[in-house]
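Two complexes, one shared chain (chain A), two partners (chain B, chain C).
Entry: the complex of A and B
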């Protein structure tokens, strides 16, 4: 039962990573690509971590996994902002249809 | 069980090809920025390779130093390069035209490369199929090492002077950077509120992780180099966010921390030489504590050295003015 949920969560996470990668490759400009990357990374990694935490040997191991997710969330969101801001300051214009 | 073996085999193959491909891209990329990003990706994949080879200690070090801090150092160097003066495009073209490679200069490197590949191939093929190496020796002596992690036992006890020399190499690297001149002033950049708040959360966590890695190194993967590089990363983050350091700290206190690792090593080595009759031959009862002491000092020095390397020039202090 636990294995089933793990597999389900991991697959869902992989789907988000796939979507993020496709977005990174296909979206027209830096800002939309950042959007695809961070969205996919945060949710995809969250699902992966949830799936792995179910398999963890101890509560502290699961805690470490969740800590990793928290750190990636924090760093990902901040770095996406910093990159977008840097690009905007250098005059990279957002894509318009 | 077989399906998973095949899957892992395919994964390993993919890893090897990706690694080679990335290495080629890094070498052939004309855009230096792109090359650095690819180099970081290469380092992360290399860390995965170490994980697959069941060497988590090296994987940690590779991810933290090889991918993380080296990437930051290269970026800082590129930033400095761009600031110097970009070569005009015309000059690049003419210098490329002027240097028409002659035939010997094309053939000689090729011959050298072929010789090296043949030599390496011969060395690899002439290795014995199964070799224990020094593993049985290390296992036999583990009880006397004072720690439970064989990697730490080798690095800090059995081959302690290797680590001592590495500390000195790191110090020498910083000295060479400093001797290039370029006194740099700590300039508070236009501090960004998001970066500042990221720092406020991340730096304490990084310090905690560093302490954890240092402590856990006694019986699991971890140790001074991993802990030091995490500490160095915290320093880099602080420097990027316009960290204000008291001027008086930058002269003697900073230099004290920089030489602390090598210094404690040399002092302990000297004391042990006169009391035990050998450099870094710890008495068994005190080995654990001596290793912890050495690693703590080394961690501080490595962290400070890496952050100072990222900073570049000698930090300007009021005394020097």
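Entry: the complex of A and C
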């Protein structure tokens, strides 16, 4: 039963990583690509962490996984901001439909 | 900040740092004398608490489900737009005058905007947050106001002037 939920969560996580990568390839400019990377990959990682935490041998091992997720979340949001700000300061114009 | 809340805030930090050490050391009891020193050093190295702002543990606990729900919605939204053949995006840059005080509340807002559906922080300068919006027909303006109020609630500060300039 636990294995089943793990597989479900890991597959769902992989789907979000796939969608994030598709967005990275399909979206037209830097800003829209950052949207795909920060949001889709964070959810993908969160689902994978949840799937792996179910398999963890101890509570502290599961805690370590959650800690990793939190740090990646923080780093992802901060780095996305820095890249977007850098582009804005250099005058990179957003793509318009 | 009065004496009681300062003691409370230090105790909370000790508990959180101890939890992190317990996680990192896999609960190995022999590592605690190193961990204890690390916690003391971390407490000394951390900047003195910004006296203006404090977060209660209860409010943080209430904030986490809100955060999780909206970051999942954000992921689902962008995944859907990326995968749909028509790729429904209509981006725009928007300036918002913030209703939160400078410091931790604005920084948290800036980071959280990037995880919410359809918005990405691009610049925070003089109380104005410039954000990139993936779909200008979406409900981003309202979502943003709600997020601001949630963060004000978390830090127990009032939302300043009414109506963010969108």
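Operating definition for what follows: the second predicted complex is superposed on the first by the 97 of 97 C-alpha atoms of A that agree within 3 Å, B and C clash if a C-alpha of one lies under 4 Å from a C-alpha of the other, contacts with A are read in each partner's own complex, and residues count from 1 in each chain.
Convention: contacts are C-beta pairs under 8 Å (C-beta built on N, C-alpha and C of every residue); 3 or more make two chains touch, one makes a residue touch a chain.
What you see is a predicted model; the values in this text were computed from it and never measured.
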Just from the overlay, do chain B and chain C fit on chain A, or is there a clash? fit
Winner by number of chain A residues touched, once chain B and chain C are compared: C
Contacts for A:88 in the overlay, against chain B (first) and chain C (second): which applies, first, second, both or neither? second
After superposition on the shared chain, which partner residues are touched by A:60: those of chain B (first), chain C (second), both, or neither? second
Once the structures are superposed on A, label A:32 by its partner contacts, choosing first (chain B), second (chain C), both or neither. second
With both complexes overlaid on chain A, does A:78 touch chain B (first), chain C (second), both or neither? both
Chain B and chain C, minimum CA distance [Å, superposed model]: 5
Would you mind listing the overlap between the chain B footprint and the chain C footprint on chain A? 74, 78, 81, 85
Of chain C, residues touching chain A in the complex: 19-20, 22-27, 71-72, 74-83, 87, 89-93, 110-112, 114-115, 117-118, 120-124, 130, 132, 134
In the complex with chain C, residue positions of chain A that touch it: 15-16, 19-20, 22-23, 26-27, 29, 31-32, 34-36, 38-40, 42-44, 46, 58-61, 63-64, 67, 73-74, 77-78, 80-81, 84-85, 87-89, 94-97
Contacting residues of chain A [partner chain B, same complex]: 71, 74-75, 78, 81-82, 85
Which of the residues in chain B come into contact with chain A in the complex? 192, 194-195, 197-198, 201-202, 205
